[in-house]
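Across the two complexes that follow, subunit A remains constant while its partner is subunit B and subsequently subunit C.
Take a look at the complex of A and B:
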């Protein structure tokens, strides 16, 4: 599953509407609660445990991908 | 079909003509197969004009296209092309062909088709497509999403609520549950019974609400929630004019975590700290609860305290006066006692709930540190379900009667075919799982729940089982109503409700047959039909996970019923505090039946010969034909050993084969299940064989022993009983015993009884 697909699944939006710049500002459902749900979903999907500082960094799709790379997710 | 043009001029093949010619040398005639050429033509045509391909396929649908191996791929390409370029009408025509050719198409095709219909405002057609998908794959989340949008467009509130429920069943993640909860706030409320639930907590527990909402919706309630601001439970409770009291809740859930009341708990508290904290905390909670009870008519549910860290004392914890684990347990006990004195206040055993989830899974440290969320996504649904155990009786949703099927539900197999002897019900598996299920059902009757039977059977086949089968836990007298006949189960269930004078909505139906369940679900939607798992070893768990049998108090009638069963409970509760080993054996109240094997235990004997490893003197793996031969033989005796103790009836757990030879008897096999090892019953078994041999006028008893990798626990069995070694060739020992001086006796704590199997004759 791609990051876009996962973000789409968590926020119930079509992954095709998402891009690297989709962020907490462009997605209405991505509020603080939504952010926690997203982190949990990412951890489960990619089998990683993301540190809190990294989790706070992940404010748009590009950043999510960058952080995941550091955890060895391809 | 138009005969496809077979190329006669290889120039048409362009640059590959040479290669093709080469291949034709190895596989002459292959390229002349029209079928391959046809496949090629169809592919090209599909890329050019999908509409034309569809037309041709429809025109020639009577032609057998099965040899065309590329047909499924072709249909898949074509359907995608039509979705992009054609109309949904054409897609649907192609789907008709695909169904006729038995070509499966992925779910997303159907969903895309439904969306195309919606664009044309053909909502009914869209609905039909989605319902077809869901009838095959009920968990297709995508289809449910589209169906939900459809319901919203048409303002079908009830359906929209129902689809949201289905959506959560298909994917119970927090994001789906939260989505559904948010959507419901836009929908007009469904017509269910309203219930107002308030949540006060010392940590962030807001995510419980969507799960709790879902559980309420499932049982037809229309819940409203009030969540107090973070960690302001004290102010909310003590302020008469707080939003909490304005909300006028039916139920208040107060969830306080121990580290919020007593921060030292996560450090290294001393005995003095602990003693003081216990007093403070109990006093504090009691004060809050009393205020709540006084100022509102709500039911107050307080969660107990859970230790989510390891003790700082390690394995020494329970040896120290400042033990944290013991302190937590004592605190919860004190709290339970304190709340038990209040009629409307209950202690919710959160510790127990989280144990079921598994503490490692129930906490998510990151969410705790980031957002003060103490409970993980895994714990929330379980907690929400547990909360329903309080909501349901409060709203009168407790079920009063369980209607039970028999074959496959209370026992394994069909009694009408197998007879009472043949059904699976007894102390060994298969059979044990049904006994345990019956035990859980019996427990419910002690709580005041009625049982009824609804079974397609002949009464004369069933009644002997109910009345006489040795291992039935439930007897005729436990059932308030019985419908054992061949009529429609829905009709029977209606009659049961009338006979017991209770509403259909007080009934719960349990049947292993999915068709019967479906029938009752459709005809009697008021009855709660339980989805029983296929595996009977999950029956008891499924039953006990239901939150439909809870009582907020025990009435006088319940108490009387409970008193009748009290004696049984006491016997089981008796704790063994034996001073010596002999006392221990006496306290077990061992009862043993030793008798010549009956033909009906044949299967059990074969099973034991092939399964028993430890207490098995010769490990001879006899099969059915062997055992049958011994049973019929006049020179062999086959014994069975049945054991029961104060707690359990173990059933047939041992067997021996003895060969009769002139002046001596020879023990060919002697084995016993490891479940009854160490109970001295083998002494009784050997004593009986000695007695029978003496009665038959025999002087010598021989015992064989063949060592195996696993039977060393019994290598000294004959030696210990006074046998002398006669021969030993390393792999086979013969032991000898002079019966005249026999000292082998049944231990005095064992009672020998006759078999009085009710179903025997």
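Take a look at the complex of A and C:
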């Protein structure tokens, strides 16, 4: 599953509508709880444990991909 | 260099950053690390009788505090057992970090740390977060008003500035505001309101008679009779926070001058008490200069509630003598609600949510909100009114 697909699944959005610049500012459902749900979904999907510092960085899809790379997710 | 974010329990190393955070939200408190009855109390060592300091949860950006939740230790009581519990209070996040992970991470840490956590709060976003993280929302505690001066209330009320009137009750507050906006309506409607109150009290005279030699006086301390009274009545409630002498002393003792403690006795035996706040928002232009009082706490014998009647009558009389315009009371227990109604309190929409997170199965979820005995005096909710 791609990051876009996962974000789309968490926020119930068509993944094709998402891009690297999709962010908390462009996705209405991406609020506090949405962010937490997204981090939890990322951890489960990619079998990683994301630190709070990195989770705080994940404010858009580009950032999510960058952080996941640091965790060895390709 | 990337900022480091962590959730931590308060310790002395956080003192300077914590004081800065407290000063931001509660500037009038200075640097005494005293939030409004919450963080300060918690970090000052907590209520008497508890060996360990209650945990305070901090969300840190490097060494800066950007989010905070404090806790107040209490004991939760049912008909058969008492269990250590905590009120979760002082949930604050710096504005620039709201709608992010700060709140959820703090609540997750609370869930992991406290066996039984409870919350009384008015903010809907907080409720969404708590429910999203597994808290059980018992309900919104009903609120009541007894109007002592209808003229002043209708003439001066500013419902748009009174969040406790708005809440979920926009229709109620809009109606009140509409009445207040009609030219000189306060004179006519005020007279009608006063007449209605007096008529209701007359009609319920018989129901309010106790036939017992109950006597209500003002106490100035919680003596040993409060422990004996708790021992007699505590287990008669389905669910409440222990209100023994130690709790009352820790909750109200240092600030008792801000309240009136009314005690009901029969032949020197305590049968109930009521804690009344007289100067609530007095001289506050946001409140239209209205003088408001509130009944913030009480304890009575639910199987013999005549003392509650005597205490409510005495509270109304006491606040009337203080020239209060309206008395508010937030109460979940069905007996308190029944007696409030008998004493011409009008039910209005509440805004105080009660929720809990129970890791140990101490609370029976089938206990309805009206079986809980909760009032504004619980937690630090009186400060939110």
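We adopt the following convention: the second predicted complex is superposed on the first by the 74 of 74 C-alpha atoms of A that agree within 3 Å, B and C clash if a C-alpha of one lies under 4 Å from a C-alpha of the other, contacts with A are read in each partner's own complex, and residues count from 1 in each chain.
The rule we apply is simple: a residue touches a chain if its C-beta (ideal position, glycine included) is under 8 Å from a C-beta of that chain, and two chains touch if they have at least 3 such contacts.
What you see is a predicted model, and the numbers here were worked out from it, not measured in a lab.
Counting residues of subunit A touched by each partner, subunit B versus subunit C, the larger count belongs to B. Of the two partner chains placed by superposition, only subunit C is touched by A:31; subunit B is not.
Applying the stated contact rule after C-alpha superposition, one finds that A:73 touches neither subunit B nor subunit C.
Shared-chain residue A:13: touches no atom of subunit B or subunit C.
Look at A:39: by the touch rule set out above, it reaches both subunit B and subunit C.
By the touch criterion stated above, A:55 is placed in contact with subunit B and with subunit C alike.
Judged by the document's definition of touching, subunit A residues 32-33, 36, 39, 52, 55 lie at the interface with subunit B and also at the interface with subunit C. The touching residues of subunit A, when paired with subunit B in their complex, are 9-12, 32-34, 36-37, 39-41, 49-50, 52, 55. Of all residues in subunit C, those touching subunit A in their complex are 2-7, 98-105, 108, 125, 128-129, 132-133.
Per the touch definition, subunit B reaches subunit A in the complex via residues 145, 173-175, 178-179, 206-207, 364, 366-367, 369-371, 373, 377. Looking at the complex, you find that subunit A touches subunit C at residues 24, 31-33, 35-36, 39, 52-53, 55-57.
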